[in-house]
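Both of the next two complexes hold chain A, though its partner changes from chain B to chain C.
Moving on, here comes the complex of A and B:
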């Protein structure tokens, strides 16, 4: 069960959205991190077949997605960044409609919908019209439709946008439980979404995959670059102009700072254990201009 | 595919607006159908209740049509000179027995006042100025009344014999009218009055019965080119041969004709509803951004578009077919249909005068009407869905289709030459089925002659639309296979 992208390239007029991406993703959760405009959504859409490739090839489980799209699509589950829905449909009717499009038998789809409604805590809302649902509930409906056909390749574009903390936890647990069954590519710019559940992380910038490694390995890049110290408020302002500040907290003894620097700039700065937030900020500290 | 098709129907049905629109359309159609059998006739006889020769009251429009149908049915049989002669004799007998002699003074006083006689006489002999007449009759709209070249008004004169006289006049000639003050007091008073029966028998009835001869003359006067003359001559000749060989049958056509009248009432409103309902067919996925989750599915793209096309086309056909069924059902309920192999001609004022007479059978016209109406529905559905597909915007689709409809009304049939043929291609004109059977509209002929073959123009119109619909369907399906979402 492997998704393989070879030299995938896509441009929109003057914008080179995806540059020569070559990837191999197996079973498990793969976090796709990147700032807005880095090309994550375009890459997701290319993988889904929603937009055509300019160059390159796309295979999943030895299926050429460009030539055998129907077969490829039967393994696919996709939640787009902006989840579209028919407002006059009820949750159940919408999922039923999606199950027909996914060529699922009536009996199986009924059973599957009930299971997913239960898992996503939507059981009590199943007859509500979609227009009556909150943003978080809609997102859960979106996730449910993506999971309907028990996909082998699950593409989730910003899946946690609009979810409250509790819903995020439910979602993470759900994704973690699916990681042994399929290949999940989860695009986000919220680091905490993938930090705990992703087997590996892809960092995307300006249309290219900048880094692709496990969380542990990626964090080794940051070893010796993350510092913490306490400074008086007046000096803290000067520091923020020079370095990328990850955290800043004013307390009685001064301002507690966590910042990124390649060297020990201050004698009283202490090395800190890096996390993905540090990594993300290190690569995207000036947005897409770094 | 069936589940997908059903789900597309459900998608349309879930929009309350669509459901309300369809209910409104069928209510409108139902009202139109009801009107044909009731209100139209009832309004004409409102001022008077018809009475049969055996003193039965004919209280309303529907009762009139039912009686007229039953009455004319007595002549059912071969259509020959004997039938014509029998009808003439019967009609003359009634006209003479119930000749207008006794003025209904009570009614005259009620309408014109106690001095009705001097007023009508004065109005007919230049005694009163127009203003005086208007002032006197201020409670009535007098614009509908006749006026001679000297500006003298002539008003209706009511006779006690009118209820019977006018009933049979209307049944036999398809036309009934009150006597007028002009006949009583005008310059030629007396002379006209005594000729009333002869006028009815000799002028209206023969024209009604002679049929092909009169139609042939009408055709030939209206023809512009040699080819068209040939077409009309051939048809007229065929009819005359059938008449001479005794192949034609006679029966009441009241019910048949009311059916045609109702079929002619299916108009652009139905097409407008199809446009509004289907304008969203391909646009809503883009509007709601659901295309992103629909395309990457197993049944996505190609099957989805086929389901949408089938749904749209069947819905368009269904809407019109249901209307046609309502019309046919009403025909069975209100005034029964007689043989469909009768040639088309109006009787007993059962409307629909525009249809050319004596040439085609009701069966031919009905089959063609069904065919043309359904093709028109499919055509408008296909064009709407094509625009919806390319624009992906329901409002743009609706506006473009409205322009298309307005364009079809801007170019109407009463054009000469190729424009008449061009406008007959518009679906809204395809519903005006009588046009495809009539020589009455300028240079438009129902037939074209190609290599000595007479080809009905309606068939060409249908074939052209079928070809166009196939082409559009193939283009949409082919393009949809390569369909990709826009970068949002």
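Moving on, here comes the complex of A and C:
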């Protein structure tokens, strides 16, 4: 079960959205991190076959997605960034409609819908109209439609947008439980969404894959670059102009700062254990270091 | 002594056979017949289909009474069906569902074919009822115009889904739809169908064809069930 992209390239007029992307993804959760406009959604849409590739090839389990799209689509589950729906449909009707579009038999789809409603805690809302649901519930319906056909390749584009912390945790647990069954590509710019569940992380910038490694390996790049210290408020302002500040918290003893620097700039600064937020800011800070 | 025969364990062979059987059964269970899919699709949007088919038939009828030019009415009907599909595209755009409904088997192009076939099935049913009413009222002449002009189109619309595997994009499906109407218009112009076809014969032929089609489906279903039993 492997998704292979080779030299995938896509431009929109003068914007080079995806540049020569080559990657292989196996079973498990793969986090796709990047700032807004870095090309994440375009890459997802290319993998889905929603927009044609300018160059390159796309294979999943030796199926050429460009030539055998029907077979490829039968393995695909997709939750787009903007989840559109027919408001007058009930949850059950919408999922039934999607199962028809996905070419699923009646018995199989009924069984899948019941299973997913149970799993996503939507059983008591199944006859509610979609327009009556909250944002979090709608996202769950979106996830349910993506999982209807038991996909082997699941593409989730910013799936936690609009979810409250509890729903986010439920969602994370759900994704983690699916990681042994399929290849999941989860695009987000919310670092905490992928930090705990992703087997590896792809960092995308200006249309290219900048980094692709496990969380542990990625964090080794940040060793010795993350510092913490306490400063008086007046000095803290000056520091924020010079360095990339990750966290700032004003307390009685002064301002607690966590910042990124390649060297120990202050004698009282202590090395901190890096996390993905630090890595993200290191690569996507305004005064770009890379 | 060396032998070229590879050694394959019997247990491994049985395991492979069982795995293949499971996979095949899973696929059989998951994938529906095209007709089942069409019926479910029609059921989901039943009101809209009945409304559109009724409107289509009314337009055909009114056009046939008001204008003697069949081609003119056929073209009007084609545009009505086309605009019905454009409305569906607009609806998807309005509710922003294009993206979620794009990487699926029934994409925009195939939905066009399914909608046309669904509407046509209703139109055929309505048409047969209408013919019976006109027969009772002794106004078969009007039914004849519909029979020559529109029954073939209704059948054509429903037959297009046979080629659904090949017609996998909106562009291809749209082209096939326009092309089939075009061919029909050229044929009806070049051949004077009215001279050598009898309306009642054509109606009987249409009803017999539909019965035969469903008999074939039944035979196909039974054969498939038998193959499943044999395989197991």
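Criterion: the second predicted complex is superposed on the first by the 286 of 290 C-alpha atoms of A that agree within 3 Å, B and C clash if a C-alpha of one lies under 4 Å from a C-alpha of the other, contacts with A are read in each partner's own complex, and residues count from 1 in each chain.
Here is the rule we use: contacts are C-beta pairs under 8 Å (C-beta built on N, C-alpha and C of every residue); 3 or more make two chains touch, one makes a residue touch a chain.
These numbers were taken from a predicted model, which means no experiment stands behind them.
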Simultaneous placement of chain C and chain B on chain A, clash or fit: clash
Chain B versus chain C as contact partner of A:224, first or second or both or neither: neither
Touched partner set for A:232, first chain B, second chain C, both or neither: neither
Partner chain(s) touched by A:85 [first = chain B, second = chain C, both, neither]: both
Touching partner for A:101 - first (chain B), second (chain C), both, neither: both
Which of chain B and chain C A:135 touches, first, second, both or neither: neither
Chain B versus chain C as contact partner of A:48, first or second or both or neither: both
Which superposed partner A:26 touches (first chain B, second chain C, both, neither): neither
Doubly contacted chain A residues - partners chain C and chain B: 45, 48-50, 70, 73-74, 76, 78-80, 82-87, 93, 96-98, 100-103, 106, 142, 145, 149
Residues of chain C touching chain A in the complex: 29-32, 36-37, 40-41, 44, 91-92, 95-106, 111, 165, 168
Chain B contact footprint on chain A (complex, rising order): 12, 42, 45, 48-52, 70, 73-74, 76, 78-80, 82-89, 93, 96-98, 100-103, 106, 142, 145-146, 149
Chain A contact footprint on chain B (complex, rising order): 3-4, 7, 10-11, 14-16, 284-285, 288-300, 304, 482, 484-485, 487-488
Partner chain C, residues of chain A touching it in the complex: 45, 48-50, 69-70, 73-74, 76, 78-80, 82-87, 93, 96-98, 100-108, 142, 145, 149
